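Below are two complexes that have chain A in common, paired first with chain B and then with chain C.
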Partner chain A sequence: MTDTLIQNLLNGALTGCIYALIALGLSLIFGVMNVVNFAHGDLVMVSMYLTFWIGLGTGIDAAITPLLTFPLLFLIGLLVYYAIIDRTLRQRYVTQIAVTVGLMTFLRALAQLIWKAQPRALPYSLIQGSIQIGSYTILASRLVSAAVSVLVIFGISLFLSRTWAGRAIRAASDDLDAASLHGVDFRQTYALAFGLGSALTAIAGGLLMTFQQVDPTMGVRFGLLSWCVLAMAGLGSIPGLLISGVIVGAAEAMGMSLWDPRARSLVIYLLFILVLWLRPRGLFGRK
Partner chain B sequence: MLKEMLRVENLSSGYYRVPVLENASFSVHEGEIVTIIGPNGAGKTTLLKTISGLIRPSSGHIFFDGQEISGAPPHSISRIGIAHVPEGGRLFPNMSVMENLLMGAYGNREVLKTGVLDEVFELFPRLKERRHQLARTLSGGERQMLAIARGLTSRPRLLMLDEPSLGLAPVLVDTIYERLQMLRERGLTILLVEQNVPHALRLADRGYVLENGRIVLEGSCTDLSGNSHIKRHYLGL
Partner chain C sequence: MRSGNSLPRSLLIALLVLAALLPLVARSNQYALVLFTTVLLYGVLATAWNIIGGLAGQLDLAAGAYLGLGAFTVGTLLIRWNISPWLGMILGGLIAVGFALLIGYPLFRFGIREVWYALSSSALVEVLRVAFLIWNQVGGPMERYLPYHEWSLYHLRFATYMPFYYIMLGMLVLALVVNHRVRHSRLGYYLMALGENEDAAEVLGVNTQACKLQALALYAFLVGTAGGVYACMYGFIHPNFFSGPLSTEVAILGIVGGMGITYGPVMAAILLVSTREFLRANLGGQLESFYLVVYSVVLILIALFRPQGIATFVRGAYDRLLSRMVKE
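Up next is the complex of A and B:
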């Protein structure tokens, strides 16, 4: 019993690193332009399908596909920003919510239309085998996915602190008017943040496909859990995001093994409510 | 007389449909320090925000070096050489002092190669000591110094300051004005908006008095200091 629990916790914690990566994309978008993007989780779903598609069509492995899907999702992000988000920035909050919920519904319907409703998975992965630690088994694909997620998160944090574009994103998130007064074009910076935030779902989608299947409705789950991770971490702390991702991943796994496999979303909802209730600014947030 | 750098003609501006500034006209010449004084709510901040592009004017013209700039977005106005140090400093609180200074030069990065950071640190040695600290951990005086320093790192041709003395202890106000005096000696053109009238009139060459959104009085600072309206309402004499 405890063995299964610990096994599940390990798996959950590793998957949690991917959740942190998804939430990082969301925090770039929300932190900079205050847009609540309900379609973020569905971009993960779309990325997973693209990975599946490319894998089936060309044989390119899911772990490598992000090299192709990252630029593609970046472009999709730019398109979504300029076509939809940019026009609603000065509108009421309800309008913004309506358009991103609309995008979410659209992406899901599109996935159902193209790939049908049954779950799909890739039959193989480059990353084979597993590691045995005592009585616990860790799939190499999960371990590599977690490691890649952590590396990408680290890379993004370097980008934000070391490059002009990255600093412009942080400055715009701190004080948009002040940033504009020093030459930051807010539209360009918003588009970059939205493109980059979306492109991170491409990496997450590829990594998830090395050990998971995809179906058209799973976007909601990713959306929910990335909001949960972000709420727990608060804005502005990248290590906090990683820790929160691991906590959410582990909690989800625990709920599934102790309670019921179907309770995974319920566990996340409960955790989300708990965080918002007790620490509305998150555990690591700055303001 | 030196070349005219900034000319504002019949400028009206405000928020939504509430007019704040009405028909303001004034000019700033190269190398000059011009101050705009007036009570709270007179429209001083609105005036600066309209020049730097944060607010679109409802009518009137703004010329910089003879070129019309009214209605242009703030990022392009900053790139042509106007630095606006907003009221309260408006730093990037979660960025280090150094990063704040770098952001000051965002629109004009090449100037960083000209040793501008060294010059700024020479003017504000405290900032050099604290360059790795987050801006939100600075004291009120240091914040204001950083805000001015950040405005200088782009090597602006015109520095616009909005109430640099706001909320500071008198001794700190003196320090800030000493630094502005040093900037004047280096020939920087400054447009200073200020409620602290004695300090502003001592530093500047010319001044305009803004009341209820209109310029009601203008002249050299010596004349303004002797004016009975200024004496009674602003200098408390």
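Up next is the complex of A and C:
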């Protein structure tokens, strides 16, 4: 009993690193331009399908496809920003939500149209095998995915603190007027943040496809899941995101093994509501 | 945007008579009747949403939660104890209100606003769906069928959809009247004030928490009772009634219809839901879900280019017509 529980917790914690990566993209978008993107989870779903498509068509492994899908999703992000989001910046937040909910429906319907409703998975992955630690088995694909996620999160945090563009994003997030006075072009910065935030879902999508299947409705789960991670972490703390991701992943796994496999989303949503009620600024947030 | 909001009474009565005559056109065409009733249902839901969303500015995405609670109350009472849905509807509405207050109190107490309110309300729908899926005594993964009756007013079960059309029409009128009354009451002005700027309203002495709870309760009651009719109309209950897509669609109808404009959401429901069903009927055959692609593009375009709502289109046209008539 405890063995399976620990086993599940390990798996959940590793998946949680990918959740943190997805939430990092959302945090870039929400933290910088205060745009509520309901379609973020569906971008993960689209990334997973693109990975599936590329894997099926060319045989490129899911672990490597992010090299192709990352720029693709970046472009999609830019397109979405300039075509839709940019026009709603001066509108009330409900209009923004209406637009991104429209986008969410659009992406889901498109996925259903192209790939039909049944779940799809890739037959194999480059990363094979598993590692034994005592009596616990860890799938190599999960371990590598978690490691890559942590590395990418670390890389993004370096990008945000060391490069001019990254600093512009942080500056715009802290104080847009002051940033503008220092020569930050806010539209370019917003577009960059939106593109980058969307592109991160490409990496997450590729990693998820190494051990998971995809179906058109899973965007909702990833969407609310990443909002849950973000709510728990609060804005502006990258280590906080990682810790929250791991907590959410572990809680999900625990709910599944202790309660009911169908309860996985229930646990996440209850956690989300509790965090909102008790710690509206998140556990690690600074604003 | 939120002002000058009354159509002349004669026009309203003419519209109502037209709506009452509509089923005569459909006659025994059950598809058309279901379609009309569905449009009315969305009209009721979006009009109810307008109280909490349009007036109070709280982006509620939990319509499916209250709809499901109403449906399950009516269904369970009818199946288990043969209690009439007429009573069940009221009870379902009250249960929805109780649940809304239970959830709303801490949400408003802890100052959860804007996007976080939207997200936690949308989480609620999914929580209830899964909870009823697991709760085998009442929900469970199988549909539970309501007893079949050819024509029973007590059981609210009919072999034709015609009565449901009129019940739903009655509910729509009720929802519109409630909406209109609230809008022109003290509560309505408080709600509009806090919808514009919550902090400012609070400073001016509006008890925002109590106002929001009242708006939430009215909304939950209307949606809960509509959920009861929904269950009787379809003849079964299922945890999927706690539907996330339905909840977001209700909010979208409210937004694109024109937030706070009494007849805006109904107008959006008539235009958009029938467009959606038309697209589904005509495109659904060859290309599954293509209608949703088109539909979502329409939604995005309206939200982008008419953010004040499509009701403002009609009012603009109406005003122009009126001024032209005055000139002549």
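Structure notes:
FYI, the second predicted complex is superposed on the first by the 287 of 287 C-alpha atoms of A that agree within 3 Å, B and C clash if a C-alpha of one lies under 4 Å from a C-alpha of the other, contacts with A are read in each partner's own complex, and residues count from 1 in each chain.
Note that a residue touches a chain if its C-beta (ideal position, glycine included) is under 8 Å from a C-beta of that chain, and two chains touch if they have at least 3 such contacts.
As the structure is a prediction and not an experimental result, all values here were calculated from the model.
Once the two structures are overlaid, the count of chain A residues touched is higher for C than for its counterpart among chain B and chain C.
After overlaying the two complexes on the shared chain, residue contacts for A:178 are found with chain B alone; chain C is out of touch. Of the two partner chains placed around the shared chain by superposition, chain C is the only one that A:84 touches, whereas chain B remains out of contact. When the two complexes are overlaid on their common chain A, residue A:266 makes contact with chain C while staying clear of chain B.
When the two complexes are overlaid on their common chain A, residue A:164 makes contact with chain B while staying clear of chain C.
Contacts of A:276 after superposition: chain C is touched, whereas chain B is not reached.
Looking at the shared chain after the overlay, A:105 reaches chain C, while chain B stays out of its contact range.
Once chain A of one complex is fitted onto chain A of the other, the partner contacts of A:236 are limited to chain B, with no touch recorded for chain C. On chain A, the surface touched by chain B in one complex and the surface touched by chain C in the other have no residue in common. The residues of chain C lying in touch with chain A in their complex are 53, 57, 59, 106-107, 110-112, 114-116, 118-120, 122-124, 126-127, 130-131, 133-134, 244-245, 248, 251-252, 255-256, 259, 287-290, 292-293, 295-297, 299-300, 303-304, 307. Those residues of chain A lying in contact with chain B across their complex are 161, 164, 167-168, 170-171, 174-175, 177-186, 236, 286.
Contact residues of chain B toward chain A in the complex are 52-54, 73-75, 78-79, 83-84, 86, 90-95, 99, 102-109, 150, 154.
Chain A makes touch with chain C in their complex at residues 30, 36, 38, 84, 87-88, 91-95, 97-99, 101-103, 105-106, 108-110, 112-113, 116-117, 220, 224, 227, 231, 260, 262-263, 265-266, 269-270, 272-273, 276-278, 280.
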